[in-house]
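Listed below are the structures to be examined.
Both of the next two complexes hold chain A, though its partner changes from chain B to chain C.
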Partner chain A sequence: MNAIEELFSLPEYSIDNSKKRKLLLMELNELTRFHYSNCQPYKNILNNLRVTTENAFDNIEDVPYLPVRLFKTQKIQSIPDSEVLKVLTSSGTTNQQVSHIALNRETSLLQVKALASIITSYIGNKRLPMIIIDTDATIKNKSSMSARGAGLVGLSNFGRNHFFALDENMDLKVDEFINYIDKNKNEPMLIFGFTFMVWQYLYKKLKDSGIKANLSSTILIHSGGWKKLLDQAVSNDKFKSELFEQLGIKKIYNFYGMVEQVGSIFMECEEGYLHTPNFAEVLIRDYITWKTLPTGETGIIQTLSILAKSYPGHSLLTEDLGTIVGIDNCKCGRKGTYFTVNGRVPKAELRGCSDTHAETVLNSVR
Partner chain B sequence: MNNLEKLKKAFSDALEIPTETINDELAYGSESWDSVAHLALVASIETEFDIMLASDDVIDMSSFLKAKEILQKYEVKF
Partner chain C sequence: MNITVYLPYYNADIELEKVLTNEFLFQKPLPTFNELSLEFLSGLSNKILSSKKLKSFPELVALAYWLRKSNMVSIINSFKKEVPENEIIVPRGIAFHVAPSNVDSIFLYSWALSLLIGNTNIVRVTQNANEQIDSLLFVIREMFMDGKWNSLALRNLVITYPREETINRFLSLHSDVRVLWGGDETINSFHILPAKPTTKDISFADKFSYTVINASIFNNSNEEVKSDLAKQFYNDAYWFDQMACASPRFVLFVGEVSDCEKSSKHFWHQLESELVRRIKADPINIAMEKLVYLYESISISEKASPSGLPEQFKPTVLHVDKNEIVKFRESCGGGFFFECFLENIEELIPLVSRKDQTLAYFGFSREELSDFVLKVNGTGIDRVVPVGQALNFSPSWDGYSLLNELSKRVHIAS
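Up next is the complex of A and B:
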């Protein structure tokens, strides 16, 4: 059994960190070599950074990382166009540039499998009646799927009798929503949506209309970032308590993830921390020295994932700040690194980093 | 219709392809079988055989051949 098979065969969140790091390192070394040989821009970057892939890296900290914004400026893939199964694009909220992630069949299947391993460990293997807080128009464009669409479709595998709760104007279909929860009131349901949309188009609409429900066995999973809600002073705690108040939902899980590493998501646990799954890891880096920071210190989040076979996205420097809370010892019982996300890297610091690492990288592919 | 014909019909309806083009080699990623069509395919199979697939089976069902294997777990014989 190779490293990737072993990581997938073990129960999710069950591997001691030292063993997991060894398995991840084997695969990350393999991926670095593969992308170096098959992706010219990646090769240029590593050459310019004076990184050699002749010898395997000894630690996952040594695996070179690309700034996530690189995928917004360049088409970077390690497979010929003829092998591209689909291209994922991000919406690019803060600027107009859009990420472009090319997937082949292998990467796509790995992503689906990884997501399944994570999600079923939370909700079980039985597919639940599912409410999607979005419009079905989001998944209609097949050739180029937005990150939002890909997220919806990916999660939909864990539900059945899918109900898209919003119309094309993002208005909640109130009557149909009430009918749906009434029809399924005797079993747990799965609700999925993007954090801001769940708040704005579901919660607020129900509150304004004075509609309450008691969905005590229902599971709500949401993602997409907190920026818009923090602008409205809505914290994760407030989000949970208000949704409990309105809909009686007790099991509410946020996850942190990005279109550049689909499938490799970091789910929130019952203690409110984000957990690394078997096939991924996070490191926190100081944005002056680029050294990895110890538990408890805040810096830039680097994400490592062994799913990226078709593009060199196995080691990425995000633009988010985070803090590792602990490793293998969360009270929820899950093993692995657990952490919090503390917002975006301020623009000034980002410019600071681009002076060094990001700029070197970007220049080497221009 | 026997079970093989029913399964081909489920694939044909969901992927919008003629039944004659469906064989064991048909796999996820080929023809019109993408992630969105996969959802329709699962619903189509469940309706055709009146069963409910578990999440891991939905994920594993990556070819026509694999679908036949998985359905045997639900006492659908081919």
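Up next is the complex of A and C:
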């Protein structure tokens, strides 16, 4: 059994971190060599930084990373266009460039498998009636998919009788929603949506309409960034307590993930920490030395994942800030590194003859 | 449609129609080179230099020196010399200035020249004015409270409003000259708006600038000259976070390779000392920008060689081959430089493009530079200045003689 098979064969969140790192490193070394030989921009970067792939890296910290923004400015893939199965694009506002992630069949399958391994460890193997807090228009185009669409499609595999709760104007279909929860009241349901949309279009609408429910066995999974909610002074705790108050949902899990590493998501546990799954790891880097920081110190999040076979996305430096809380010893019982996300690196506001009108607003969802 | 007015009074939310009244739009411009405007600008210069706060911004100090009466008079006089006796200079009418979002003070230069010409001015500043601009506008507002400047207060508006085509359109239809500070996108968005048939546009597009150093002359200079050059270069490069059009992005060492290597090493070392001396550390966002930009740059070159990852108190330098110079036409700012060695300055000629603005030099003679400019023959390069003067505003900017552009000439035949 090779490393990747072993990582997948073991139960999710069950591997001691030192063992996991060894297995990951074997695979990451392999991926680094493969992408070096098959992706010219990646090869240029490593050559120009005088990083050699001749010898395997001894530590996971030594595996070179790419700043995640590179996927927005250039076409970076390690497969010929003829092998591209689908292209994922990131969320971006009109003026922002979007990421371009080329997937082949292998990567795509690994992503599905990884996501299944993570999600089923939270919700069980049975498909649940599923409410999606979005409009079905988001997933109409299957060959080129936005991050939001990819997220919905990925998660929708874990549900059945899908109900898209919003119309095209992002208004909650209130009557249908009530009917749906009424019809399925005897079993657990799965609700999925992007954090901001769950808050804005589901919770607020229900609160304003005075609609309450007791969905105590239902699981809510949400993702997509906290910026807009923090602007409204909504913390994760408040999010949870308000949704419990309104809908009686106790199991609410946020996850941290990105279109550049689909499948490799970091789910929140009952203690409120984000957990690294079997096939991924996070490191925190210092912006002054670019070296890794010890547990407890806040820096820039680097994510490593062994799923990226079609593009060099196995080691990425994000523009998010985070802190590793601990390793293998979370009270929730899950093994591996667990961490928190502490917002984004503030956008550089360099002075200069820049565009008068390039005053864009970061939008976390659309 | 509501706008924010900064000058002559402050009002955060007022209807456009109440500000741009017929009285405002159809009032007579002031006479060209009127004494009042000259006095006002020199008064502003004094205010800046006597304000502890404003004085703390070096670019505002530079502005204040530029606004001194003696400098204004010498600019006016040298312009007057170009004007034949049978031509009279008069204002164009209303000048609409669209200021750049982040080069805080640069629009004040074109505004000041327009004021001297006698034009009535409408200035659109960025929505997120920073501290420098806020304090500066505050000082001007205070001055305008003195009745002495009344005829200027009536003719000069500084406003801001969100990206709003209808307002841009309205202002364009009423302006006789539009002064458009870039980026390219903004300029193009104005070019498609109708204006008066006689409206003239002065467009300051996105530009790119270089520093060129004669390696052997640098190597033969004494330590004092070298460290002074670093100080001067610091001003060119770091004042506007290296984001002004005239800020150097490329540093070219010219001479034998061994001379270039030696001077490069020494030059960057001197700049490092300057950064340490000024405690010029990078906040996380700038460090991140530089890192991302470094990776982007080295991904498109097979043989670029970085000085290392971005570090505190160090410029980030990426050495590139001269054949690859044309690949690198953007910059992230914040102290990120491309470096290249040339055998002679003529090697730069075929690489120059329309976007190139300032060539700041060290160790070249007037003849060499004139020869270079003649050979480039207008395909690029608008200014050639000694290192340290890249950001010094001159009435000749981006190929425009601004006093000329902002005024009209009436020919009297006899």
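Please note the rule applied: the second predicted complex is superposed on the first by the 344 of 366 C-alpha atoms of A that agree within 3 Å, B and C clash if a C-alpha of one lies under 4 Å from a C-alpha of the other, contacts with A are read in each partner's own complex, and residues count from 1 in each chain.
Criterion: a residue touches a chain if its C-beta (ideal position, glycine included) is under 8 Å from a C-beta of that chain, and two chains touch if they have at least 3 such contacts.
Keep in mind that what you see is a predicted model, and the values were worked out from it rather than measured.
Of the two partner chains placed by the overlay, only chain B lies in contact with A:K126; chain C stays clear of it. Taking chain A as the reference, the larger set of touched residues comes from C, when chain B and chain C are compared. Contact with chain C, but none with chain B, is seen for A:E319 once the two complexes are overlaid on the shared chain.
When both complexes are overlaid on chain A, the residue A:L70 reaches chain C alone and has no touch with chain B. Using the contact criterion defined above for the overlaid structures, shared-chain residue A:I288 touches chain C, although it does not reach chain B. When the two structures are aligned on the shared chain, A:T53 is found in touch with neither chain B nor chain C. In the superposition on chain A, A:N236 contacts neither chain B nor chain C.
Once the two complexes are overlaid on the shared chain, A:V153 sits against chain B while remaining clear of chain C. Residues of chain A that lie in the contact sets of both chain B and chain C are absent, per the superposition on chain A.
Of all the residues in chain C, the ones that touch chain A in their complex are 98-104, 106, 124, 126-128, 130, 163, 181-186, 189, 204, 206-207, 240-245, 247, 284-289, 291-292, 295-296, 298-306, 309-312, 332-334.
For chain B in complex with chain A, the touching residues are 27-29, 34-36, 38-39, 42-43, 46, 52-56, 58-59, 62. Interface residues of chain A facing chain B in the complex, by the touch rule stated above, are 85-86, 105, 108-109, 112-113, 116, 119-120, 124-127, 139, 142, 145, 150, 153-154, 156-158, 160, 162.
The touching residues of chain A, when paired with chain C in their complex, are 41-42, 44-45, 47-49, 66-67, 69-70, 73-74, 76, 287-288, 290, 300, 317, 319, 345-359.
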